[in-house]
Amino acid sequence: MSKRDIRAVGIAGWGRTLGAAIISLIYFFPVLFIILTAFKTRQDALAWPMKFIFAPTLSNFVSVFFRTSVEGGDAEATGFGLYFFNSVFIGGTSVLLALIIGTAAAYGFSRFPLRGNDTYLFMILTTRMMPPIIAIIPIFVLFRIFGLSGTYVGIIALYTAFNLPFSVWMVKSFFDDLDRDIEDAARMDGSGEWRVFKKICLPQVYAGLAATFVFAVILTWNEFVFALMLTSPETRTVPAQIVRTIGGSMGVDWGLMSALETLFIIPVVLVTFALQNQLLRGVTFGTIRR
Amino acid sequence: MQGLKFSIAAAAIAAGALIGGAGVPTPALAKDIIINMAAPDWLPTRFMQEEFNRSYKAKSGNNVKLVIDFIPWPSFYQRVAASLSSGEKKYQMIVTDSQWMGDFVEGGHYLKLNKYIDADPELQAVIADMHQVLKDTSSSYPYKSTNYYGFPQFPDNLVTFYRTDLFCNKKEQAAFKAKYKKALPCYYHEWQDVDWNEWGQIGEFFTRKKGSPLGDGTADDDFYGVAYQAGKGYDFSSMQVNSMVWDYGGDIWDETGTKPATGVVNSPIAVKAMEQYLDLLKWAPPVAKTGQMDIFVVQDLYMQGKVAAVVDWVGVAGPVIDKKVSRVADKSAFAQAPGARKSDGSISRFANIGGQPFVLTTWNSEEVVHEALDICKWWLSTPVQTKFVKEGGGESGMLSVLNDPAYGTWSPFSRAFADNIQWQKDIWHIPEFFPLLTEQQEQFDKAITGQISAKQALDTAAAFQDKTLKEAGRIQ
Amino acid sequence: MTTTAPFQTSDTTIAVTPAERSARGFLGWLMAPERRGALLITPAIVTLVVVNIFPLLWSYGLSFFSYNAKYITKPPRWNGLGNYIDLFTDPEVWGRFQNTAVIVVGSVFLQLVIGFLLALLFAKEFPLRRYLLMLVLAPMMLSLSAVGVFFRLFYEPTFGFIPRSVQAIHFWLTGVDEPVVILDTPVKATLAIVFADAWMWSPFVMLLVLAGLVSVPKYLYEAAEIDRASAWRRFSTITFPYIRSLLLLALLFRTIETFKIFDVPYVLTEGGPGTSTETVSVYLFRVAFNYFRTGSASALGYIVLFGVIVLTSLYLYAIQARGSAAAEPSD
């Protein structure tokens, strides 16, 4: 919004801002609570009346990665460095794979519909809609038979399939949106299909592919059940380790929990802000565009 | 074999040579052996890791590394069950809750150690040195047999945490005496004579509204008398209910596992004990009504100064006396948990065994087994156990350590622990324990939240136990 | 939608190669224009079949056996329809479905109401709108298990800010200072889960409704202004038709997602008091990975899967209906 617009808004507009700000802040309060708690000491974290003014500490954030567990002992790495790496590596790889396979399929569904196209699309969406807990029972047994439990290959394959329906539907929605006249003109000029895809269609959906990538990473980033059951100490992701008594002997260390969750959502919030315009499509798996 | 890396690195040989110079027989090749151990994430296991890194040297001359996978308590069972049954074979050792033993032994995951014990006098000495209660509960399957599977990594016990600034306050003591015609317990020995009825009186006495006098000041928030675990999750009410049922002479199953539970689990004694358990919750903070007052909530409430006395595990007592996290660090003391008064005036104070044994898994090579057993011997040796207790890491179940006359002075809670260890029993040691536990927790939760009576809860739990044991072919 | 064809249930078989073709001929055959679609979607279908569909078929098989996945050495034992019969006759199971249904109805209703109101708030342009919108969207970004963990704290009578605030307001109004306990009865605990879930997902509904509101052409309102139509009339005749189909989609989408609700009750109430907030997913997880009744869990999984398939078909049907009814310009 430019400066001129803001002046044009006038009192009524700012009144609306004030109202919206109050409601938004109330709505946001639980998240604010988590962020504030991340900067509090253990004693302050549970105080009532709630402390809004306090001496902030960064120790919770440090404790996520390095923690002294025994009085007078050395601070030791907690393993969260690895878990964060795993979250990024497993999430990134599987989403990239899903995006490549998904883009091909999406282009196929969009441009070369088969008989039974809708049946395939329906089947693909259903695999995404079903509760993961249903899939995990047989996958758990099959992973054991094929020796995939706790391996990167296993969990990446699983997350690839987990993200594929999303990628197909999302990317298809972007291809569907394109203006067909340009492609048809190119075909008239004698361009081959590969060239049409590579030079005309693909460049137009780059932004959409980026959005798809990011949303898929977020979905994977938050996944808990598969991670809990099918990762080993080496391949464990962050959500599998966020449970109430993180911090061990200290019982429920709310500051530490909050710091972890804060670290966890910051990238997500930033990315979402940048992609606000694609958000609707993102949260509905590309089934709704406007 | 995962977790095992054989290398003939020059550095390893050099290390072997160095040790050789110190009089230990030089091995032909020093191997790198990594032992992965699954363990709950808390002080007793953190201490073990740190002490291992600091001081452990393998007798074999191999480069042995212990890598503990610290798993948060709430997902601990899930994670271990998943790992074992997924066949990933990631762990060479596991710190296991004693009641899982039957389940995972039957599943073929835990290694029977008798063969190794028979061949090794040092291990025989370790077994001989273990407290009988721990041999029964932590080490053997079936319960109280001589089939050994593990050793106590850390034995735990339910004890009383109490506020010295309140219980030793002259004004409060006088007021208590006037009201109940008996002394408010302040010192350790006075607490040893507290039964569950008096626990209720203490609860009533110290439950105060915000702004009323408390100790030498006033209560800045509603204040509550007593609390113990009453949570739906895992075993966070059964551990306390079981203790009280045993205190009064009841039982939680037919220990031989051959007779029906109905009539035992829901005996009049057990019902009466459970009714008292429920009744005493009225002096606890309001969260008790929700069935969410688990061992961590009890710990938090106590550390935040909301309650005068609680019963909780020694394993979560460490933070209570840590100034950085606890508001009551300098005004807390520990005592044995209350019990039931017997007709002769003495007190019966059973408690459920806490803490965990560590076990070996079945897929290890002989070499790894021997290194793992060496680690067990190291951990259970007197100097290491002494250090463990003295530095506040946890408690010991080894007689040579427990019998030290000074044991009770090594940490604020070690006296209560040592005095109570003989009273420990264990919950069902059979593979069906998880359904039994879950059903019981569900029924207890309904009773705690006032949906059903103690009798209804125990009747249902008993019927479920019979059905489960019948299906498993344990009873007719 | 580019393909507005009605739903077809007929299967298309992706023709398999006749083996007699030479490699080069095969490649040429494979790359033929009429096979492009099939070729492009094959990798996706294969991936899903291998990682998703095959395991599901496997568990369909398992659902007829007594099997404990924990005991590697004990093979499955044939149980016929036993698992299904047990499940259909077990009141416990239907209790879990009822719990889930209550939570779904309550939560989705609340999401629609709150999401709709939030959308009205953000429908007009105003300064800082983009930033305030982010605050409202933030709950959706939290991890599900964190919502469970923190709402458990928020509801705690001594430490939680929700009961403490209610207590303070109650004291201010009536002078009675009593602790407020939220999770002590089945009804209140269910409401507590509904509230937490609705808080997290109302922004989702808001996004959808917002999309509808923004698409209403301005001239319609201007015309209504001239006719001096009442606010209600303006809403019912102009605004609502534009958001009706989106509300339906939001309803279906959130119903499917809430039906799966796992993390929040698993962590927040652990299914309590008693079993009053234990949802189907939580129960399924327990049967599968606490009790390790793998066969029985597979059977229950299939019953749930059937429900999801029905709901997903309804959802897609609604999308198609919207696509053809609105006859959107394909920009």
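What to note about this one:
In order of appearance the chains are A, B and C, and numbering begins at 1 in each one.
Throughout what follows, a residue touches a chain if its C-beta (ideal position, glycine included) is under 8 Å from a C-beta of that chain, and two chains touch if they have at least 3 such contacts.
All values reported here derive from a predicted model rather than from experimental measurement.
Distance between Cα centroids is largest for the pairing of chain C with B.
Between the chains A-C lie more C-beta contact pairs than between any other two chains.
Centre-to-centre separation of chain A and chain C, using mean CA positions: 16 Å.
Measuring from the averaged C-alpha position of chain A to that of chain B gives a distance of 39 Å. Residue positions 69, 72, 152, 158-159, 289 of chain C are each in touch with at least two other chains. Of all residues in chain B, those touching 2 or more other chains are 78, 82, 85, 87, 221, 297, 300, 304, listed in ascending order.
For chain A, residues touching at least two other chains, in rising order: 46, 48, 140, 144, 229, 243-244.
Residues 1-3, 5, 7-12, 33, 36-41, 43-45, 47-48, 50-56, 58-59, 62, 69, 72, 118, 121-122, 124-130, 132-146, 149-154, 158-159, 161, 164, 199, 204, 207-208, 210-211, 215, 246, 249, 253, 256, 259-260, 262-263, 267, 280-281, 284-285, 288-289, 294, 297-298, 301-302, 304-305, 308-309, 311-313, 315-316, 319, 328, 330-331 of chain C touch chain A in their complex. Those residues of chain A lying in contact with chain B across their complex are 41-43, 46, 48, 69-71, 73-74, 76, 79, 140, 143-144, 147, 149-150, 228-230, 232-234, 240-241, 243-252.
For chain B in complex with chain C, the residues that touch the partner chain are 77-78, 81-82, 84-85, 87, 103, 106-108, 209-210, 221-222, 232-233, 285-287, 289-292, 297, 300-301, 304, 306, 434-435, 438, 442-443, 445-446, 448-451. Every residue of chain C that touches chain B in the complex is listed here, in rising order: 69-73, 152, 156-159, 177, 179-186, 189, 269-275, 286, 289-292. By the touch rule above, chain B contacts chain A in their complex via residues 36, 40-47, 49-50, 69-70, 72-75, 78-79, 82-83, 85-88, 90, 221, 296-297, 299-300, 303-304, 315-316, 318-319, 322, 324-327, 391-393.
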